[in-house]
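First subunit A sits with subunit B, and in the next complex the same chain sits with subunit C.
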Partner chain A sequence: MDAFILQILNGLDKGSAYALIALGLTLIFGTLGVVNFAHGALFMIGAFVAVTVSRILSISMVVEDPTKTDFLGNPAKISTPYVEEWFGPTIGAGILDWAVPISIIIAIPIMIVIGVIMERGLIQHFYKRPHADQILVTFGLAIVLQEVIKYFYGANPIPTPAPAAFIGSFDFGAMIGFDPNTIIYPYWRLVYFAFSAIIIAVVFAFLQFTTFGMVVRAGMADRETVGLLGINIDKRFTMMFGLAAAVAGLAGVMYAPINSPNYHMGMDFLVLSFIVVVVGGMGSLGGAVLAGFLLGILESFASMSAVIELIPGINQVIIYLVAIIILLTRPRGLLGRKGVMED
Partner chain B sequence: MLGLTRKDTTILLIVTVLALGAPFLLNPFPISSPLAQFNAGYPDLMQRFVIFGIFAIGFNILFGLTGYLSFGHAAFLGVGSYAGVWMFKLLGMNVIPAILASMIVAGLFSVLIGYISLRRSGIYFSILTLAFAQMSFSLAYSVLTPITGGETGLQLSLNDPRILGQSVTPDGNIPVPSLFGLEMGENTRLVISNWVFTFNVGYYFCAVILILAFYLSIRIFRSPFGLMLRAIKTNQTRLNYTGLNPKPYTLAAFVISGMYAGLAGGLMVAMDPLAGAERMFWTASGEVVLMAILGGAGTLIGPILGAGFIKYMENIVSKINETILHNWFAFLPDGLEDIVVSMVYPFIGKGWHLTLGILFMLVVIFLPGGLVEGGQRIGRIFRRKKKKETGDGSGATTVNPAE
Partner chain C sequence: MSKKITRRGVLAVTAGAGAALAMPTIFDGSVWADGHSGFTNAPQGDTVTLGFNVPQTGPYADEGADELRAYELAVEHLNGGGDGGMMSTFSSKKLQGNGILGKKVEYVTGDTQTKSDAARASAKSMIEKDGAVMVTGGSSSGVAVAVQALCQEAGIIFMAGLTHSNDTTGKDKRANGFRHFFNSYMSGAALAPVLAANYGTDRKAYHLTADYNWGYTTEEAVRSSTEAMGWETVNAVKTPLASTDFSSYIAPVLNSGADVLVLNHYGGNMVNSLTNAVQFGLRDKSINNKNFEIIVPLYSRLMAKGAGANVKGIFGSTNWHWSLQDEGSKAFVKSFGTKYGFPPSQAAHTCYVQAMLYADAVERAGSFNPCAVVEALEGFEFDGMGNGPTLYRAEDHQCFKDVLVVKGKENPDSEFDLLEIVEVTPAEKVTYAADHPQFAGGQLGTCNPGA
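Right after this comes the complex of A and B.
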């Protein structure tokens, strides 16, 4: 039983990332009908926003201290980050420590702007072209974004620590009544899961309970009629693209402490997220979330040693295998609407 | 000639001349000149041009004709490579059985994957092929290690049986791939004053196969079968209504294109008997997509041009570093030189992928016919000018669609 829960927990953090990226992907597909291969790049940019913010926060003022000398006899240089200078050492150090959560606030507007620019500048010209063209041009865009990041940040992963309060693991098993030391789980992964649950809830609430969301849902169902009612649906769909970009970006920001960001992390996630979307059902928001968590958990179950002994190599292929089976037996995906992209 | 129209014969002749004359054509700069770094006429790179040319031609038969965008074609190349190396290990170092085995195994593999993937179309087809290729990659990397060599790759060793050949050469080395005794790695050098031309047996072997493969692809493009594939791309529903089942045709195209990929994989190991799983990774599939689109999907010669272009950039342009750039722009005033260099530098050298990505986007947006269409448009502009000069002025130039 404890091993069972541990695997579910292990699947949750990856599943959260899949679910968040897939949510954005399917949001874009459901509203604009575009297959966005650059969505992984948005996730990656989000992670690099976290890197940038923590770098900016640690910009330091260098003062020479004449009373001390280093081993060469030169006056020792003491660098104090500006934030510590301005807000005092305790608050300043706290801000530095919390760089990743702070990046969330900064990432939202940045990602929305990037998303809107992408949609207005490039993707809007591709609505009427075949899906293959959309895949190709966004694939090209993903390469470009990736290379730009590589140019500025180099090819090596950049470690971006979580706040000190969340570093390390805790005994989850003891908390819920199992023997101690059976279920050890890192704090930050739990934070990540909670965070993504909140984001998913916010997105759904936004679509369900606001007028804006209502119009968007109406537009997803019947774009033309909504247009005929005198509503500028294009503008709202552009905003939805921005929102989807922000969701992917936030997933990236929070993922930075789990895996040090590197320039190709987006592509690695993209392939799997696409599979998640397809399994969940193209254009179905609930399906994307469900399939994201489902595949994440399945993946972690498949990597249990007992399962690997039974079917060697299953942990490597389980996701693809599930995707193939779903695609062939239930063409519209788990929760896909009838008639959407069933060919 | 050879059952081709005059225009197709011309294209075939152009490819033949390019392929056979490559050691000369790609070595235009004398070795002592500073431009010598742009010479691409060394065997290793020329082989890559040709092999990836074949790969791209095969991909184009599927994507260019039927419009099915496969994102997993590298899997066939990888499988072909493994089959080739196994033939070297078991049978002997002759390249012919190795290449045949590569094609057959890749063909069988593509029947399997094609049969399943082709049940869906559009983006689902792309994702299915992607999923299969990733699966093959993961399996080759982990469970199938006894067959694929896992992370280290599949290599020849001294205790391979090689029943038709010898396990060990008399001087105690692993034998090298050969064509009935003619070693693939053999070079002949021709030195004309400052120019050095290298003729490599392996390269010419690949080049001949490229020409054959290209000829076959022209025949496929012009055949009733090719026409059927185009009909599938244009309007599959209408084809269904005429009472034809498009499935066998698409599957045939898929398998042919998979065999081309297997052939490329077989040639790859014939040149260098080593196969690794990274050849099957999905970025490798993405690369062949880039090649075909950049050169011109659906055109005959486009994929070869695209493959050559990308491999040239990967091997030559990527070597340009900051010092070389400073030398080039040394004629500019100092401050300006630095600015120009810092503006150009991100796009070449290590950043060549950026240029490639931008170029690829531009091609997809503005030139769906790729470089070939670009060339045709430029050609049309010139032709129009000429007509005006001669006072013809009829304006309506008849240009055939992209070939």
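Right after this comes the complex of A and C.
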């Protein structure tokens, strides 16, 4: 039982990342009809916004300390971050410690701008082209973006820790009556799950309860009719691309402390996120979220050593296996709409 | 009637005189002195081309970039530039800074992408198109094994870069291939006594192992060494190489009764699994009335940087570290640090040494012929290259030298100061028989000069 709860918890944070990326993907597909293979790169850029903010906050005043030497025997250079100079050691260190949460505020406008530039500058020229062309161009764009990141940040992962207050784990098992150490869960993963739930709720509320959202939903259902009513639906859809980019970016920012960001992290999530979208149903926002969590939890269960012993290699294929079963039994995915990608 | 002096006649007399002069030294390799042809890519003219096959793209690109820096430095030193680096501390004094056998050293580079097929393609191109007489480099055992086999077929010497799997000089060894870097067995043998001294002999270990060749040999080596000193292995789980999040593998560890987690992971796998393990608070727990401990059998400073503060206090092993204070290491760190502004990695060190060892072997053999180089390297004993007295064993072409046991530093002084050396395990403690079961299954074969 404890192992069961443990894997559900583990699946929640992985599922959160899948759900956030898949939400943006399906939003773009539902509005613009574009299969965006560059969406994983947006997740990766989000994580690197956290790295960049952390580095900017760490910009330091460098002074030579003649009492110490560096590896070549020259006087050592001692760095003191400017934020510690300006705000004092305590507040300065606090700002540096909270670099990842601070990055959230900065990431939102940056990601929206990147999304809008991406859509206006490149992707809009492929709306009327076949899906194969869209996949090729967005996949190419993803490779370009990751190579740009690698050029500036290198190929190695870059540690981007969570605030000290969220480092470590709590004993969830002991809280619900199990033996100590049977179910432990890191604080930051809990934060990640809660953050994802809030973002998903905000996106749904935005689409459900605002006039803008209503128009977008109407456009998703029947773009032509909304256009005939004199509404500039293209402009709204561009903004939705920006919103989807921001959602992926925020998912990346908050994921940075879980696994040190590297230039390839977007690709690692992209394929699985596409499967999440397909399993959830192309264009279905609810389906993307549901499938994200479902596949995240299933992947965790398949990684249990007892399961691997029973069916060797299941941890590597479980998601694809479930995708095949669901698509055979429900060709439109879990919550897929009729008519989407069926013309 | 006087005999007419012909070109053929002069050549015959010269060749005869040359053979007579070579006779006293026939047993020390100079038999190859006239052998500048009859093998693949025999250097013509006044230059010789070496092929540096390193990961320039992909996840190990930073390690590859450091390897390339080391090779460029080695070429500079071989051609008489810079401060000469370890040439001044190397026990063999054949290298004079005038190239190799008087030929200026030039080089071409290839990108292995840390993929066996890409590495073979780039090595093939360097051999067939660029005329490389030796190929060296790499940051992965899969790549090393693949390129080594290609070089054997082509009649080219392969001086392996960073490759730690037992198989490179075990079941996949080849006569034309040589490894300076240490291996999984040596990591296990060096680590076990240090772990026993620090954590006791009554421990229960849980292994997470990267699901590929290097992971298997490392798990086998560490398990064998730790079980021999009394540890029990409670579980060993294979993790897919493509894994980025190890939480579902790490979460059950505490509940397994284990009080030690061994991460048989390298590169991005190591960074992520170690970060995940620390996030789960494993190191703050007490199991079986003992502090829970984590071990990383193969450390790399470049990779440790990615794990940040998570490496603090964690034991592992390494081939070389820039903080060593022997004359060879100091010379190399000074040379590399002055040129590039930061200390070299262990990958850079092993690549630099391999380039120097090859050049020296050619000088001692008096020929670029791969069979002459093999003969010069087999059984070669040297010192002054940063690892103490070292032997290139003839039976398997593996270097035997001291191995470093290191620990993540608690209070680093700089961004490079991540690991501290806790023990220099002498070579004899990590030496094994050539037919040891962990290395069984392959044949070295005979050298292939190609052409």
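Some points to look at:
Following the convention adopted for this analysis, the second predicted complex is superposed on the first by the 325 of 343 C-alpha atoms of A that agree within 3 Å, B and C clash if a C-alpha of one lies under 4 Å from a C-alpha of the other, contacts with A are read in each partner's own complex, and residues count from 1 in each chain.
Convention: contacts are C-beta pairs under 8 Å (C-beta built on N, C-alpha and C of every residue); 3 or more make two chains touch, one makes a residue touch a chain.
This is a predicted model, so every value here is computed, not measured.
When the two structures are aligned on the shared chain, A:Thr80 is found in touch with neither subunit B nor subunit C. Judged by the touch definition given at the top, the superposed model places A:Pro157 against subunit C, while subunit B stays out of reach.
Of the two partner chains placed by the overlay, only subunit B lies in contact with A:Leu328; subunit C stays clear of it. Judged by the touch definition given at the top, the superposed model places A:Lys14 against subunit C, while subunit B stays out of reach. Contacts of A:Gln316 after superposition: both subunit B and subunit C are touched.
Of the two partner chains, neither subunit B nor subunit C is touched by A:Asn232. Contact with subunit B, but none with subunit C, is seen for A:Val148 once the two complexes are overlaid on the shared chain.
Residue contacts after overlaying the shared chain place A:Asn259 against subunit C, while subunit B stays out of touching range.
The interface of subunit A with subunit B overlaps its interface with subunit C at residues 150, 316. Remark: subunit B residues 67, 69, 116, 119-124, 126-128, 130-132, 134-135, 138-139, 141-144, 282-283, 286, 289, 293, 346, 351, 353-354, 356-358, 360-361, 364-365, 368 touch subunit A in the complex.
Considering their complex, residues 57-62, 235, 237-238, 240, 242, 244-245, 247-249, 251-252, 254-255, 268, 271-272, 275-276, 279-281, 284-285, 287, 302-303, 305-310, 322-323, 333-334, 337-338, 342-343, 413-414, 416 of subunit C touch subunit A. Every residue of subunit A that touches subunit C in the complex is listed here, in rising order: 2-3, 6-7, 9-11, 13-14, 68, 70-72, 76, 150, 154-159, 161, 167-169, 181-182, 184-186, 188-189, 258-260, 262, 264-265, 268, 299-300, 303-305, 308, 315-316. The touching residues of subunit A, counted against subunit B in their complex, run 35, 122, 125, 130-133, 135-137, 139-144, 146-148, 150-151, 267, 271, 274-275, 278, 282, 312-313, 316-317, 320-321, 323-324, 327-328, 331, 341, 343.
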